[in-house]
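Just so it is clear, A, B, C and D label the chains in written order, and each chain counts residues from 1 on its own.
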Amino acid sequence: MSRFGYFGPEGTFTHQALLTVPGADLAELTPYATVAGCLDGIRSGEVDAGLVPIENSVEGGVSATLDNLTYGEPLMITREVLLEVQFTLFVRPGTALTDVRRVLTHPHAAAQCRDWLAAHLPQADITTDGSTAAAAAAVADPDSGYDAAVCSRIAGELHGLEALADGIADNTAAVTRFILVTRPGRVGPATGADKTSLVLFMRADHSGALLELLEQFASRGVNLCRIESRPTKTQLGSYCFAIDAEGHVDDARMAEALMGLHRVSARVIFLGSFPRADSGQPDILAGTANADYAAAQQWLDRLRNPSS
Amino acid sequence: MSRFGYFGPEGTFTHQALLTVPGADLAELTPYATVAGCLDGIRSGEVDAGLVPIENSVEGGVSATLDNLTYGEPLMITREVLLEVQFTLFVRPGTALTDVRRVLTHPHAAAQCRDWLAAHLPQADITTDGSTAAAAAAVADPDSGYDAAVCSRIAGELHGLEALADGIADNTAAVTRFILVTRPGRVGPATGADKTSLVLFMRADHSGALLELLEQFASRGVNLCRIESRPTKTQLGSYCFAIDAEGHVDDARMAEALMGLHRVSARVIFLGSFPRADSGQPDILAGTANADYAAAQQWLDRLRNPSS
Amino acid sequence: MSRFGYFGPEGTFTHQALLTVPGADLAELTPYATVAGCLDGIRSGEVDAGLVPIENSVEGGVSATLDNLTYGEPLMITREVLLEVQFTLFVRPGTALTDVRRVLTHPHAAAQCRDWLAAHLPQADITTDGSTAAAAAAVADPDSGYDAAVCSRIAGELHGLEALADGIADNTAAVTRFILVTRPGRVGPATGADKTSLVLFMRADHSGALLELLEQFASRGVNLCRIESRPTKTQLGSYCFAIDAEGHVDDARMAEALMGLHRVSARVIFLGSFPRADSGQPDILAGTANADYAAAQQWLDRLRNPSS
Amino acid sequence: MSRFGYFGPEGTFTHQALLTVPGADLAELTPYATVAGCLDGIRSGEVDAGLVPIENSVEGGVSATLDNLTYGEPLMITREVLLEVQFTLFVRPGTALTDVRRVLTHPHAAAQCRDWLAAHLPQADITTDGSTAAAAAAVADPDSGYDAAVCSRIAGELHGLEALADGIADNTAAVTRFILVTRPGRVGPATGADKTSLVLFMRADHSGALLELLEQFASRGVNLCRIESRPTKTQLGSYCFAIDAEGHVDDARMAEALMGLHRVSARVIFLGSFPRADSGQPDILAGTANADYAAAQQWLDRLRNPSS
């Protein structure tokens, strides 16, 4: 049985995302109060792997995760998980919507579900405090004085509550991307639809330097999924770039791009190659498939050694 | 007399930065509890201008500022201010270092000054709470039970305290960059060492699209100072780019680059041209000075109309 | 009535091409023995315009024309003419194919029509000498001893001969491109399907320099029709580039590309903008039409002067 | 003993250049009347290698050589030779300058030495005909009626003439570059200052296609020495590119660039890697030396297989 850590407490969206990871149902799950705590738990061997958020479609990158992976001891990403950040109205079993007088939730959740609450619970008193997971715990106690919690599905279920309405956020839900992190090791096999995650430090801080890095990808036909600038923490105006690119370290185009980046960058941090969680397929340009690279290598070998 | 807003409360580093802006000593200063509140105060005309943080050399970009400028009603940046985030040990006048038994400060400040405090106040009890500005206010009260506060210079001075030791952070201080924002209007004159601030939305989310945007700068000899990706909030994997580039909208190379960006981007948000706060001078490549552009225009005019 | 020069003598393919130029039928036509002679005749005012070959689909560029336009006194290209280099079998009126026993032509023409001659005139004696125009002149004389000439259509017609078979070259005919040249003056109006002809000298002879020139076109969406390297005649390994690009000097994308080239090149020779002779239409990329440039200029003007 | 062919006849500058090739003094030398004849002599095995001109600093590329190497059966370049095209005044032994009344030479040579002849032999009658080698042969015959020949050094020496004045061209001499060609085989070892010669056919005839090819060189740090466009002979406006690039097929940066070109081009013809004849040293950019490539490969290998 393996041990998984996650950015907790129990009932967070990270917890919910972790339960979609194969094997998590049989694993020992350990919540950590901070992203850094979870990543250090992986490094120390307390857990075999850990799930932390890295990016949200509305809020952007999670700096704590990016910076810890960049500046902490080496770790490796082995999987990504996408989760719609959806809110559910939970009650104690037996409570009907018409019985709900007092609702407890976190301020963010209250803000995101404002219209729904106004339409469906116009008379209810909305209290905001703590976390959505804590709200679920409180509602579970009949003496709490609260009738309903707005929280994640998992938080409600954890506390034996019953869902009255799902997906009650006013706008289409934001999506959070989580990564499963382990100690560095052998990269998993290519699946044909993978991503490779990197952090790049430039040799010089001029506009041409970033262009040069991007051309290392472009000249090999490697598409980028994400680019996120982060301060190098040395001085204002100095940045490194967290990049996800389409392809696997075992794909020829990615391998050559990585070597090119290694040659022209001050530093390349390789954070892993892993299957894409979305349904996207790589857009492989003419001349950049593995077979094209193999044919080019064969051609070169014959140029160098015609008699072979 | 003009009215300036800032991201408060009184005694914050933003407040301290604002006092370095010419005219701030004669202006009416209004603190706002949030960045969004300050920017809305400018939009509504409550204040004529406002100072908010946009970037820190350690923490990175300030998302609240970037997103509000990107997605809110148009505003314009007219100035930037750099400030070293430095901590000072403040006491009530008359207190000597050897008298300090209890220190109050904010947790971040305590963490950043840990070594100094251990070396110089090994016996002192360090309490962390609220904000550094609140710590200074508390220490000003002889009945508070606290002898010293670790806070910004301005917070200590505001409360009539006396500095015992300056620059007590363990590492070289981080630098925060602030921007002075107004309602849109006529851009100030070029000074020869300016920056232009933009947000760019790409037509398509592929790696070539970012490369194409960067080439619009490169082909005109415009250097970039900063590039920061932000989610477009529509879907995971869709980004826009907050960019600061060297030069003024009245510089020919910048003007042509801006028009090029306008043509190839889905959208360009122009946030203003303003003098650089650092001592840097633009690195103008051969053939990209205003005179080179003027000569090229003259040459073209003669090609089109030889008799003129 | 205007005076046209051409690379002669009478009956050459250049002569034939010139007759397709509007107004040539009413003009005074002057043959010149050399390309340089024709171009100097234009410069001196002996003729108003002149037609010379610049490129052939098999032989490549015509160095004499390219170099004279590059290094001689300025001239301007106002039109291009494409002509299939086709051969015709000409006889004196009344001669039948079965009567042809002796054929006269130029060695190149004999080589290119070898199969046809072998198939249709297997018994004939083929003599090669002088030029195809001279062959036509000779055959016109009944005492010449020759029954037929392989020559251009115009040469045969000039000498009152009769065509027995047209298009007798063994392979699809090569195409030659000719240019009509005048003294420098006002460029003709844009037609929507134009070319601009340039010679570019780089500031430095490194691979990046050529790339930089090509990027000046690419970043404005200007496609190239032709690029031809020529020695600068200063030292081995130093080249200039004769370039034809899609568009007219009055097209915004071309104008901006030209100004960019003027800024980054050691020298740009503008040889004119003129209608394309082929049926090709310009491939105008998104964001690079005249309207896109005008919209970008308007947008920039409003940024610079919001109250206008 | 080896057999060398050359573009003759005896006494040409090609002959003179061949004598500078190591081993040529002991070899059997065979002149060929045409470049094509010489190259076919190599293909058929009549000679082991052949020297032909490929480029002149004033006239440009030698189309006959470029096209034969491009479209004929494969051959390989193993060496290049540079020669200043210099003219010498030769007489029969015993003739003094004051005795020279009639000079014989080729029209080009007469044109290039016009000023010298006017200054030093103002009374002499200058006859132009045939070739400079034939002029030397004629002058060797006392009954020829000619006193002096303007020709190459080797032509004069071949016919037992005596040089009266060397380097008499009016302008600094043009330089011709010759190539030594063999049947395809194993490429010679890298020397650290080599060139690789290629012909590239693009997948599509648009301006971006050439840019893409050039970026394959640039992204690996390979500099270009020469680029020469040639028609593909299929239709007007379709070009291939004869390119010389700095480096050897055994240099890592060149190998990767070649493979990249193979992937993105319609066709790459490899014509060989050989030592540079000039004294130039390669300009190896940071990160593109063989050691940088080897380090990048090692780094990649460890990423892929951490336990190795």
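Just so we're on the same page, contacts are C-beta pairs under 8 Å (C-beta built on N, C-alpha and C of every residue); 3 or more make two chains touch, one makes a residue touch a chain.
A quick note: this is a predicted structure, and the numbers were derived from the prediction, not measured.
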Minimum number of chain-to-chain touching steps separating chain A from chain C: 2
Interface residue identity across copies chain C, chain D - same or different by half: same
Whole-Å gap separating chain C and chain D, where each centre is the average of the chain's CA atoms: 29
Centroid distance [mean C-alpha coordinates] between chain D and chain A, Å: 59
Set of chain D residues in contact with two or more other chains: 215, 218
Chain pairs in mutual contact under the definition given at the outset: A-B, A-D, B-C, C-D
Contact footprint of chain B on chain C as seen in their complex: 184-187, 203, 215-216, 218-220, 249-250, 255-256, 258-260, 262-264, 268, 270, 286-288, 292-293, 295-297, 299-300, 303-307
Sites on chain A touched by chain B in the complex: 55-61, 63, 82, 175, 177, 206-208, 210-211, 214-215, 217-218, 222-231, 233-239, 245, 278, 283
